[in-house]
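The first chain written gets the first letter, and so on, giving A, B, C and D; residue counts start at 1 in each chain.
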Amino acid sequence: MSISKIKTPIVILNFKTYLESSGEDALELAKLLESVSIESGISMVAASQATDIYRINQETDIPILAQHIDPIAPGEHTGSNLMEVMIESGISGTLLNHSEQRMKLADIQNVVESAKRRNITSVVCTNNIETSVASATFNPEFVAVEPPELIGSGIPVSQAEPEVVKGTVNRVKDINKKTEVLCGAGISNGDDMAVAMDLGASGVLLASGIILADNPKEALLDLVSKI
Amino acid sequence: MSISKIKTPIVILNFKTYLESSGEDALELAKLLESVSIESGISMVAASQATDIYRINQETDIPILAQHIDPIAPGEHTGSNLMEVMIESGISGTLLNHSEQRMKLADIQNVVESAKRRNITSVVCTNNIETSVASATFNPEFVAVEPPELIGSGIPVSQAEPEVVKGTVNRVKDINKKTEVLCGAGISNGDDMAVAMDLGASGVLLASGIILADNPKEALLDLVSKI
Amino acid sequence: MSISKIKTPIVILNFKTYLESSGEDALELAKLLESVSIESGISMVAASQATDIYRINQETDIPILAQHIDPIAPGEHTGSNLMEVMIESGISGTLLNHSEQRMKLADIQNVVESAKRRNITSVVCTNNIETSVASATFNPEFVAVEPPELIGSGIPVSQAEPEVVKGTVNRVKDINKKTEVLCGAGISNGDDMAVAMDLGASGVLLASGIILADNPKEALLDLVSKI
Amino acid sequence: MSISKIKTPIVILNFKTYLESSGEDALELAKLLESVSIESGISMVAASQATDIYRINQETDIPILAQHIDPIAPGEHTGSNLMEVMIESGISGTLLNHSEQRMKLADIQNVVESAKRRNITSVVCTNNIETSVASATFNPEFVAVEPPELIGSGIPVSQAEPEVVKGTVNRVKDINKKTEVLCGAGISNGDDMAVAMDLGASGVLLASGIILADNPKEALLDLVSKI
């Protein structure tokens, strides 16, 4: 399922490599995401580990992002993430340059171009306004700005550094009206997401706030309760 | 299916990221490997991309290796290869330190240790006698020596540099009698494999010689025809 | 000596790690560069190895660039290139993101910002028009576009891919009128440089064409003979 | 000045990239190290930043180590640390694989071999007994074991994890009688060093405990006061 024309606001859940979002549990979480998406009417997307993409795609209709794709063509590479096989396995797009998987400038551009040619969505993660602007020059569908000091902190970027979200939205629009801005880092509840939307974001990227919640379903429903 | 007590000689086919060994074609190739293994009585193993592990495990009984595992514990990592989810998805072991995915010394030791604790097999790839000896001190089940200049060359290591294979076998045995030596690089036919076994190797690691062959089944049957 | 207000056109000679431009020979080459710069009236700059910066600065007045600076603050780092000590040792600026030392997006931005705060010049190397535009959003003094397939080829970018130079100049100016464009890859003689200037470049970045020339002095004089 | 036949015990001071041990201050610290070495009769060595090697070598007789050397031959490399120019500038050897600059297995072996051919000393840093043993198979002059969790902690490895030091000494000797073991991490005073020597170490590798001390000279004198 394509997310290139997906309705915003959008919630991207980065499954990372938590056991709670791996293998059988990744599948359960993807199903939960799908049901809450239907129930709430808000677009939700699963960014799953490479190993789980095929399986989630077989058993759900949730749009899937890769967590990373390497800047390689098919051929002599061992242990790399190949775009072609991930598309065949069911991804609609990919995160790129996540703070836990930073990429070289030339490699980001290379993979965003490849993604465009194959009609899949690029979500380029960035650490501040300046790198968001630079990334936006490549025309990805989304830039997701996440100040690294707030990732996993429980302190929401939309409240701790609203000027980063607002500044990114404004300066990215100057470069390129088609790239939408997401925000991440510390986002976990409905207030955080509502503030993010008020600041001009088109959605959020989050992980532990939902995956490690006592009740992920309630956490997801709360997340989208105020928009 | 475990390969830790697998019968040698062994053939490990590195699927790399060729389109011919990705997705649906990876599954077909794994099935072929399985049938030739049964037909020939020689142990064969598929080292597949992360994305294809689950699927190959669901539809075949061929032992599967990951192509690479990252030195991480479950948790806050994006775009990494987690051992736990790969085991749940069906691997029996992993390649490590392939020439296309060289690893830091401390990371090789870390992953070999983790693999031991979880009873999966480590195949540490190396580039010469000296790094084979160093790797053998970690007690992996296999060391696979592949002179990088011969990889994908069509010139078999067992014939071009027999002293590397023989030297690796001898010096690894001095360190550690339980680690077996495989050889790779340029291996493609029955003569190459026969010479490798004569030099003391317990099997071979190969890729393009089979995957890109006009007739992979014939190529596999030929590979094991002289042992 | 500062190059931040240097007169263009400019010739940056990347000393790389050739023996011909290391140690004592680096010093001789820097002196040659200085004398040809005075003789020709064209600005010339030496991008030397870290080990040679202090020495070249002690014995010449040629402006010196580092070949790379790491995105670190002073402190607990071993084997890294620290901006502060390089400035104290005599650099006026630095190459960044050279094709032989590609950097992560966030790290390029980090070092360009640090360079600005300390009034040293950033020359961000790039591989195509798109990464040049992205780099220009950080407002470095120079972007040096070098198609990687032409580096060290002897085929000058200014003649083989003039549209890359022209396109970079035009699109960088749209982003930022203060960033000047250099071009590199395959540049070695007066014709190459003249064409580069005609295409809008403010100078050239080169290495083997001069350093490995039979007569580097003649090669340098020829380089600037047609502008 | 060569350290290959240096008298043990040995104190290696890693200058890292502290401002207190950079540029002019690096030179002062090297002179201090030299005078304390003469005064105490204990061998002392400076592991300085690349930028400061030439200068320290010009003005002192202290043996100098590089903090890192890249696995490259002279030629087309930008921003790398070339062994040849560092030797010409005055190093007697190099640290390798420091916890702040971990190296790939094949690269460690490559640089240790190159160092041997050029008669300079290799000090391979390691994180535990197992990687110490693996490194010792390359026959470097020294292995310096530093449990990463103790680096910069102020808690001395010789007291917190004596079994790591003792185990490394014993197991390295089994592999190779010529490789001597140093220990690092948290070492700062005379008691720490005395215990290290009692455990079989041939010396220590340290940094902040001396460099950031209120009085580095007193700290150095204290360090060697109980052996």
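The rule is simple: contacts are C-beta pairs under 8 Å (C-beta built on N, C-alpha and C of every residue); 3 or more make two chains touch, one makes a residue touch a chain.
What you see is a predicted model; the values in this text were computed from it and never measured.
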{"item": "Graph separation of chain B and chain D (steps between touching chains)", "value": "1"}
{"item": "Pair joined by the larger number of C-beta contacts - A-C, C-D", "value": "C-D"}
{"item": "Greatest separation from chain A - chain, by CA centre", "value": "D"}
{"item": "Chain centre separation in whole Å, for chain D relative to chain A (CA means)", "value": "44"}
{"item": "Cα-centroid distance, chain C relative to chain D, in whole angstrom", "value": "34"}
{"item": "Chain D residues counted as touching two or more neighbouring chains", "value": "none"}
{"item": "Contact graph of the chains (line, ring, star, complete, other)", "value": "ring"}
{"item": "Contact pairs between chains, per stated definition", "value": "A-B, A-C, B-D, C-D"}
{"item": "Residue ranges of chain A in contact with chain B within the complex", "value": "14, 16-19, 22-24, 26, 47, 49-55, 66-68, 72, 74-82, 84-86, 88-89, 95, 98-101, 151-152, 207-208"}
{"item": "Residue ranges of chain B in contact with chain D within the complex", "value": "97, 102-109, 113, 126-128, 130-131, 133-135, 137-138, 175"}
